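One chain, chain A, links the two complexes that follow: it is found with chain B in the first and with chain C in the second.
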Partner chain A sequence: MIYLIAILVIGGLFVSLAILLLVAERYLVRYGPCAVGINEGSSVLKVQGGGTLLAALYENKVFIPSACGGKGSCGYCKVMVVAGGGPILPTETPFLNRVEMRSGMRLACQVKIKQDMEIRIPEDLLNVKQYQARVSLVRELTRDIKEVEFDLLDPEAIEQRPGQYVQIQAPGPEGPVFRAYSISSPMYEKRHVQLNVRLVPGGIASTYIHGLKAGDPVVLTGAYGEFRLSEDPDREIVCVGGGCGMAPMRNIIYSLYRRWPDRSCWLFFGCRSTRDVFYLEEYRQLAKQHPNFKIVYALSDPLGPGESWDGETGFIHLAVDKKLIPGINRQAFLCGPPPMIEAVIDVLKSKGLTDAAIFYDKF
Partner chain B sequence: MAIVTVGELMDRARDFELRLEVYYAEIRDRSKDNGVRLLTYYLARHRRHQEQALAGLDPDRVGHVRMVELKFDAPFDLDAGRQMPYAPPETIQGDELIEMAVGHDRELVSLYRSVLVQPVGDDARTVLEALIRVEERDMVMLKKMQAMHYF
Partner chain C sequence: MNPTPLWVIFVGSLFTNNILLASLLGMCSFLVCSSRVETALGLSAAVVFVMTCTTMLNYLIYYFVLLPLHLDYLSFVVFISVIAAFVQFVEMFVERFSPKLYYALGIFLPLITVNCAILGAVLFMVIRQYDFAQSTVFGFSAGLGWGLAILLMAGLREKMGYSNVPEPLRGLGILMLVTGVIAMAFMGFAGMLNVQ
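Showing the complex of A and B:
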């Protein structure tokens, strides 16, 4: 009995101390106004100290990617803190390698602003905007993938590169969550954004998006992403998607043919069965206008009774291996599950592509 | 009772990871299912989570943490993951494999947590939390793959 009382007393003391510290930090510690310099003084934000860097940037309309809403569990919100960030926290170390740590990379959601700071972020991120949008179209592509289109209301237009993504804000049980979705509409369609969203059982954002109907308001930020289409018209483009990794490919293909109608481009798409095939007919029509556009769909499951299929079978990396001859100047874009991406990268390297020529998005 | 250090437990976990590499490679070689082969090819290449977690930490600090003595040994069966009631390598399905891999991650998380409840000091906590986070990230990724029904 005496042990139980001792544990309760000591435990109670610790809890009281922790509460006291939190209250003291909340109400007594005032860091006052602080300056956050961005990219060597290209802009300086005046913010109230005490909050996180991610929140301060967000309030000042600098939208750093973050999928977890600042909980330190996604590792997306990396920024380089040149001065004033304090020591790296244990919550950050799993997301940073040693080179990143040495260079001052931090997770913006974990860094508290307690003094003036200097940070560096990619210039692209300074162009990211938050959009008020409205659902204009919802179309079922497969049993679990929907095409959803948003009209942009404020601002009314988006600048994006093929292969970039937006973050959709979805209501979660503990506040809003943000999830990244690649833009499937081409870059020249600036007034709306189209996505392909697969319903993930229990997924907060995909369930929310699948429940949307025309006219519903949505908040999104973008465009984010490192994909960069080669400007060399003689360079062949290889797009490889798997599962629901079609969206960036669609954007790349349409944007590409608007600018270079004769450019050589392969689209490889892997899915399990004929029930998962989408956009094939649309691409066949496009290929009639652009003879250098080659389409390869592959099914990985055996055909069911009564099913017919005249395309490839097996996993998509096998089709890539079969169709591409080595030694051609190419750039590749991949989107799909990690095992697929790694298998395709191995194949592409065997065909002579270097790391710098391969962009990928593992989801 | 022999004194156990954090380093010894980390070595057990590393041995477990290395055994899993071999185990997945064995399934890859014996399965006739292309999806399972693709998945195990990936899994066999990505089991060295400890190496990944420690790569971001100062080696001197890790070395110091390895010497920390524990008050209690943490029970951990190296074969625990492999003795799960799953189908034999020739007939195992992608879903089962992912479940198995999640189970392995969970085993390691539970090992690290059993050390965390002991008075090991701040540096050791940092290292163990980093190890736990890598396992948890892998679990999230595996569950996402499972939900996508690609394999």
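Showing the complex of A and C:
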């Protein structure tokens, strides 16, 4: 009897607290329908007020990057709020620098929609979509790098620029994880996304991708990334990659020669041994059609017995130093391990490139 | 019944029995939110308000619901739930009707749900057998005492930004030392009053 009373009383108390809160929420947290204008009238979302901006954008298929899921701990979901956002909250200040604060940058997961708002989002993010895809091709490039191609099913086409990446959703032990991979297929191939994935021992996503077979379903979001290829046809492009940092270069090179068949472009690629060389034959074919495309592969390890090699030897930044003449208007894209990137940046600066002309992706 | 006069409870919970410096309750938000005086002020205002109200609320629930039904062994669960629900309610209320106040202290309200000083004040109220008026004064002054401590700390930390703290003590180490020194300073008040 005594326990029954206890259960009833506690239950009654908790239920009445819950009801109180629900009633309060019903009448207090209602701001009616609000309009969220994006990029000065490029689109207007009609949403119910009271929720967070991030949730409202997600519901309307605007995918703002967010790694923590709206907890305010990753700081990725920055958007510019022009009007209607209220003052910056203490939960946001750790993620924003002074320039961002002054320009109205906010964390979308912390801003609540209480009135009509006007926000600005980079156009790129408006193009980010979630894709249902199917593996169409898996090919071994080297002993640990695989080329994986996905057919996009829903939506069927992707708008991407060379140098951009997609995030692959892989099943992890504690729920799905997202990992970024550069797109290696050229931008004009809109129905497919191709990646080069190196197997990282113990890596959740690379193990998952290496285990995929043709026909397997995959979920990916994209395209992300801010790199923009220079539109000036007289500007030389320098691509420097190492290890498995080939994917963005391949996208750049093919997209480039589709648009500017005579444009000058260098590809430097550093490998350890002949076993790590891939795509070389394909590029040589391409270079026959486009004489301004120059390919330099360099091996850093000594040749094994019986092997032959007609390219460069030594680290890749030495080859860059040797081949490039200074003082030419260039844009460079680097992708590879951090020591390589740093060495190459030093070399490129000595050739007259500015920081703004050098874009890199360290991993 | 507790015979302590109201003014003794008030002064006592500010100085001799400061809930943070004597009982060491509410340390987590004390350490995290004391880097700037402005933040500390917002948080202490919220703590004073919530502590006063939840002490009163829990007094009523304890003496009019739990005790008559001999359910006082469930008091911890009930107290903390009431605190959580109250904080939620206040947050919604403030956000709706006073955006200014919400931006000033509303953001600290969710933090307070898990502030053990709040639960501590409620439990002291039960242990010391305060009546309603005493509980109200106690809740208010314990909140003020907590605020006093965090404001002192925030003031010191703002100054400490310019001092050369030995490398191994930087961060949490020096905070703990400073807290200890403040607490010792407050022990100077001991014996002035006796709060029971």
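In this text, the second predicted complex is superposed on the first by the 242 of 363 C-alpha atoms of A that agree within 3 Å, B and C clash if a C-alpha of one lies under 4 Å from a C-alpha of the other, contacts with A are read in each partner's own complex, and residues count from 1 in each chain.
Basically, a contact is a pair of C-beta atoms (placed from the backbone, for glycine too) under 8 Å apart; a residue touches a chain by one contact, two chains touch by 3 or more.
Quick caveat: nothing in here was measured; it's all calculated off a predicted structure.
Engineer: One more residue to check, A:Ile5. First (chain B), second (chain C), both or neither?
Structural biologist: After superposition on chain A, A:Ile5 lies in contact with chain C alone.
Engineer: Would you sort A:Leu13 into first (chain B), second (chain C), both or neither based on which partner it touches?
Structural biologist: second
Engineer: Which partner reaches more residues of chain A, chain B or chain C?
Structural biologist: Larger number of chain A residues touched: B.
Engineer: Regarding the shared-chain residue A:Pro339, is it in contact with chain B (first), chain C (second), both, or neither?
Structural biologist: first
Engineer: Now for A:Asp216: first (chain B), second (chain C), both, or neither, which partner does it touch?
Structural biologist: In the superposition, A:Asp216 contacts neither chain B nor chain C.
Engineer: State whether A:Pro90 touches chain B only (first), chain C only (second), both chains, or neither.
Structural biologist: A:Pro90 sits against chain B and chain C alike.
Engineer: Check whether A:Asp321 is in contact with chain B, with chain C, with both or with neither, and answer first, second, both or neither.
Structural biologist: A:Asp321 sits against neither chain B nor chain C.
Engineer: Quick one: is A:Pro201 in contact with chain B, with chain C, with both, or with neither? Answer first, second, both or neither.
Structural biologist: first
Engineer: Residue by residue on chain A, keep only those touching chain B in one complex and chain C in the other, then list them.
Structural biologist: 90-91.
Engineer: Going by the contact rule at the top, pick out the chain A residues touching chain C in the complex.
Structural biologist: Those residues of chain A that touch chain C are 2, 5-6, 9-10, 13-14, 17-18, 20-21, 24-25, 28-29, 86-87, 89-91, 112, 114.
Engineer: Name, in rising order, each residue of chain B that touches chain A in their complex.
Structural biologist: The touching residues are 34-35, 38-39, 41-43, 45-46, 53, 55-57, 125-126, 129-130, 133-134, 137, 141, 144-145, 147-151.
Engineer: Contact residues on chain A for chain B in the complex?
Structural biologist: Checking each residue of chain A against chain B gives 75, 90-91, 93-98, 100-101, 198, 200-203, 242-244, 272, 300, 314-315, 317-318, 336-340, 342-343, 363.
Engineer: Given the complex with chain A, which residues does chain C contribute to the contact?
Structural biologist: The contact residues of chain C facing chain A are 39, 61, 65-66, 69-71, 74, 77-78, 81-82, 85, 88-89, 92-93, 95-96, 99, 103, 107-108.
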